[in-house]
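Have a look at these structures, which come just after this line.
In the two complexes that follow, chain A is the common piece, with chain B as its partner first and chain C second.
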Partner chain A sequence: MAITASRARGLPAAVVLLTGTVFSLIGLTWDVQWHSDVGPDTFFTLPHLFLYAGSAISGLAALTAVLATTAAHRAGAVPDPSLGGPPIRVFGRAFTAPLGYLVAGCGAASFLLYGLWDQWWHGLYGFDAVIDSPPHIGLLLSISATLVGTVVVFGAADEHRWGRIGALVSLAVLGAFDTVIVFAFKSLNGQVNAMHVAMAALMVLVLACATAFTRYGGVLMALGLAVIQAVTWWFSPWASRVYAEAVGLPMRDYAGQEPQLPALIPMSLVVVALLVHPLLTSRSRWAAPLAGAIAGGLLAGLQRPQSSWVFDGPLPPLQRVLLTALVGAVVGLVAAPAGRRFGRMLRLAGDRTPERN
Partner chain B sequence: MRLLLAVVLLFVATGSPALADSGPVGADVVVAQTLGERELTVVVRRVDAPGPVQVEVVGHGVGGGLRLRVLPAGGRATSETALDVPAVGVADTRLSVDRFGAWELELDDGVDAARVPFQVLQRVTPAWERAAYGGFVAAGAFLLVALPLAARRGWVVWVPVGGIVVSLTVAVTAALLSPTIPAPSTVSRVSNSDTGRPPANLVVTTDGAPVAGRPTAVELRFGDSGTGRPVDDLLVHHGALVHLEIISPGGVLAHVHPVRVAQGDYRVRFTPREAGRYALGAEIARAGGGSQLVRAELAVGGTTVDSPEPSAEGRVETGALVANRPVQLTADFGGADDLQPWLGMRGHLFIVGPGERVWAHLHALTPAAAGGQPDETVAAYPARVPFTFTFPEPGRYRLWFQAERDYRIRTISTVVDIAADGGAR
Partner chain C sequence: MRKLAVLLATAGLLVATAPAALAYEPVNVVHTEKVQAGPYAVTVGFSAWPVRAMQSLDFTFAVDGGIAGKSGSIVFLPAADPREAWDEPLARHPRQREVWGLDVRAMDEPGDYAMRFLIDGPAGPGVGELADLHVLDQPGPPLGLSWAVSSLPLVGLVVFLVLAWRRTKGRLIT
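Our next item is the complex of A and B:
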């Protein structure tokens, strides 16, 4: 097979898939901001439409890619794992679908199906219900599945530059998006802030994964996440205000200029990524857990000062911050090796003969 | 980006807010009922049909068993249960309803039976919402079918693919058009604007001549002043259908909530301790008619059993007591800051002035809270309850402050003399 031909072959479908997930991310940050600043909610606010459209676009891209793979197979081509990941047998048939697109497509389908549960839930408990309701978590986890599929799709094309860049971008999108899943841990908050620990675990996981995937992956991914944070920091309050004006709804009295979701993303991530980079890339057996512990502790401990700074609130007792940092370090200890393994798996996704590693 | 812009433009161009109201239907009914001589708060939780109805009854000093039944309008009871209400605190139970519409909850203590009206409303899903949700859900289902089929040879996959395209088109069209589709008319049959409904007349009767020291059943009949027909459109306002203030000749206040036994027919049982003239004030609110205070009186014979002693469950602080100047009246119930909201308020103040020309019922509000007003299980309000009032004329006024603590109603009564306005204004 000619290198030039295969170089850009998987690109269009992968880009459409990524576009869908970016739609979901835009919809999410906008929606969270809308709920906090404006509030009144119907099913079809524009942010909701972005969320639904994002999954629809991702789903269609995934389906198209699977169809194209089958068509190529029929035409006699050997399945190419760099096009969307290793082939997976479907229902035990001889015909197979690429892993990345299959996961992304199933995530999109599951998102659309969860909509029904969500509608029932809102009928029972009303609009403007809490964000961490069970159907919402289901919806958000479905999008996460699509995001994981997107990471796999780009990761499989790691022999190309677009594949490596795309994988880091989609990992950053995954990290930014899953900050909302962290909300689900709010009810566990006590002496230890479970939300901050969960956020540290998530960040260490994507950081270690990106670092293990490609050179300076962690640092680059952290930079990408910082860009997403900066853009949504400006975008979500602005979009909520403009949309509220357009539909004639008033802003809440206490609506500030603080963006809700972007404010959750750790601002220290780039620095932390640079700090633990040597450890994460070290071959020593204890380097990765140590890096995870340092990163987890720092990230969990700095979350509260960050939110106190953003929302102009008081600092909690130092003892609680330290306790949260300690638990964050323990969780990071586990998350970093796990993330590293994910990163290595990702590197193998596009290999024709994974057995050799 | 162009799609984004197009979508934004479409929304901005259509402009009108998406007001399709399809949130939860109905709300909890919280209503105070004085059944026999015990004060109860009855809570009927929001309900869907067919389904269970969660009913809670809060005791305020006297405990005892009750039989609870739910009846549809003009129908027979669908479920029945016994409930042991504690002297103070909450008891809850479940009944079940089988249809939408008007219902009544009957609370029977063996002597009197209160009938609390409540509605079981049907949630109306607008067609566009069904199309939008249904379209996206169908797209999801088709996608799930299409994905494995896409990995197989054959034309079959194009069936779910077509399904996806069609359902997405339907969903997106419905979603984009939804802001321009008017909301379905609400289920409420009465307008929430003032339709100029005539005031209600009140006729108070008792079973036999009331005698001091003997329990008296008081019947209150509310009739429409235009048609004379029983008034059955009383709203639950400030936590009750009827707030009845009974003031004894010696100045003892009973703030009770007559139970509804039938249309326009309310009953309350009380034992006068003094002989003489009792003044009655009933506060009601008719749907679309605003709130109304209806006055009546009751002559009690016999001889006074015990002379009234002012209830002193706290102290009262006042500012300068001058007519026509707003004054802050603060009731200090003492002790910890653990007052509970009663009838949705952290404090009530009744003021009856010279010759009963002034008859007022004031509230100290609970501060606004996220997620709605707290119910009376929240014991967190300050022991000092402030009110502001402007006495309209000089003279002697009776004041009764009420608040709830440990599920019991605490009353502080006092008398103030208002000086004439010195002409400063």
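Our next item is the complex of A and C:
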């Protein structure tokens, strides 16, 4: 069925915004792989350019949408919340910004500021030895804000099929991208693997949000994430190898070429999503926390066997895996109701009924 | 017209300076130490000295007679807790392929470390240690402050979600 002009209103800007976030995801997975397999780094490597371009494209899309909404509002038009979310008056009511574009744009602006801080950090600490340096986490969180804004922009158009599909795709991109943020929890690892618990919390949040947003949303989002995992599994080692050949750099000795970032995405997510779907869609008060506990426990507990399998490493003592699964279940218990609430909030993003303040 | 000229000049400067920015910096060793690992004499090079926690540097490990036909591994032993030791194979430095090395590496924690070399080659196996590698405290602001600054986008996201949560209360479709 062709998309008519009125149905497609808002689609171009939303697609450009999403394209920017996909650029960011490509740049991230490629850059992490590059450091692992090749090594030498400059400000202008191709993976870095993808990361900069991603935020630039998203930022310009957000700015354009805000300026267009402001101009229309000043000309007397009533802002339509389905075009990016409820209108927010900012800078002393000088601008009218659709909520999704406002959040996405703030993320892109914040990316610029953290980029400057990252440059200062390089001067003090040298080139980055690790992905989880404080400025990097600031940069990655800024992109995450842009991703959240993208989810809101598509969620606001949930009356259209493209809005529902776009929101689920954006949630999958958010889930794939934010796997890198769990690295920030590495220093907390002990008897319990904090990174695996954080990963479980993130996945339960997006799963519950997608399920509450639209019919079979959680399962469809998990399938989208699996597609992203499969594509980047092939892409990141391939792109690193081809780029290294193109610029005349050798691969590292002992570079295993296992996909680094894609290997972090839980492979069990689709099965877990199917398993907890009946609970997440149940009206019972305890169903969502129970679904979260089951999903959180399974996801946190299966992370270590997954990485041992991918990287051909030893399994830790069973006691540690079970303890991590238990903490994952507790965190999931809280994350699922929160995620479900976010999904319901998302359904209201394009609502035309006035808000109760 | 003037704006266009400025834009073109900026773009031209960017293109003209790009090759310099693209160049991968050579390894610049500023300090060396000698280690005897059995029959093998190893020169350990550091691209920054003294070594400070979290500050990245390049390590080079040059063996007299070259690395061809030789292999081995390096073990880092923290004096504070030897159970936290870690090892890795001796691999060629990506930007100086004629020697082994570690590129853009940082020691996470300050303190004393030993670097133990286990080398195998035509003259048989050999073990040697660089004892007392002293890693100074990290430079710059306290790490807690850096993390606080980095967490601001997360704080912003949480505030946004809390506001949205409160404003949608009572309107939710369940």
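Operating definition for what follows: the second predicted complex is superposed on the first by the 343 of 357 C-alpha atoms of A that agree within 3 Å, B and C clash if a C-alpha of one lies under 4 Å from a C-alpha of the other, contacts with A are read in each partner's own complex, and residues count from 1 in each chain.
We take it that a contact is a pair of C-beta atoms (placed from the backbone, for glycine too) under 8 Å apart; a residue touches a chain by one contact, two chains touch by 3 or more.
What you see is a predicted model; the values in this text were computed from it and never measured.
Participant: So, on chain A, is it clash or fit between chain B and chain C?
Facilitator: Verdict on chain A: clash between chain B and chain C.
Participant: For A:124, is the partner it touches chain B (first), chain C (second), both, or none of the two (neither)?
Facilitator: Both partners, chain B and chain C.
Participant: For A:79, decide between first (touching chain B), second (touching chain C), both and neither.
Facilitator: A:79 sits against neither chain B nor chain C.
Participant: Applying the touch criterion given at the start, work out whether A:305 contacts chain B, chain C, both or neither, answering first, second, both or neither.
Facilitator: After superposing on A, A:305 lies clear of both chain B and chain C.
Participant: Identify the partner contact of A:70: answer first if only chain B is touched, second if only chain C is, both if each is, neither if none is.
Facilitator: Once the two structures are laid over each other on A, A:70 reaches chain B alone.
Participant: On the A-aligned overlay, A:115 touches which partner chain: chain B = first, chain C = second, or both, or neither?
Facilitator: first
Participant: First (chain B), second (chain C), both or neither: which does A:53 touch?
Facilitator: In the superposed model, A:53 contacts chain B only, not chain C.
Participant: Can A:252 be said to touch chain B (first), chain C (second), both, or neither?
Facilitator: second
Participant: Look at A:105 in the shared chain and tell me whether it touches chain B only, chain C only, both, or neither; answer first, second, both or neither.
Facilitator: A:105 contacts chain B only, not chain C.
Participant: With both structures aligned on chain A, tell me which stretch of chain C collides with chain B: 45-53, 135-143 or 153-161.
Facilitator: Clashing stretch of chain C against chain B: 45-53.
Participant: After overlaying the two complexes on chain A, where does the chain B footprint on chain A coincide with the chain C footprint?
Facilitator: Looking at chain A, the two contact sets intersect at 40, 42-44, 106, 110, 124-127, 249.
Participant: Per the contact definition, I'd like the list of chain A residues that touch chain B in the complex.
Facilitator: 40, 42-46, 49, 52-53, 56, 59-60, 62-63, 66-67, 69-70, 74, 90-91, 93, 95-97, 102, 105-106, 108-113, 115-116, 119, 122-127, 243, 246-249
Participant: Which of the residues in chain A come into contact with chain C in the complex?
Facilitator: 38-44, 103, 106-107, 110, 114, 117, 121, 124-130, 134-135, 137-138, 141-142, 144-145, 148, 249-250, 252-254, 283, 341-342, 344-345, 347-348, 351, 353, 355-357
Participant: In the complex, go through chain C and note every residue touching chain A.
Facilitator: 18, 21-24, 48, 54-57, 89, 91-92, 94-95, 97, 103-106, 139-140, 143, 146-147, 149-154, 156-157, 160-161, 164-165, 167-168, 170-174
Participant: For the complex, give me every residue of chain B touching chain A.
Facilitator: Going by the criterion above, the answer is residues 7-8, 11-12, 15-20, 22-24, 48, 123, 125, 129, 132-133, 136-137, 139-141, 143-144, 146-148, 150-153, 157, 161, 164, 168, 171-172, 175-176, 178-179.
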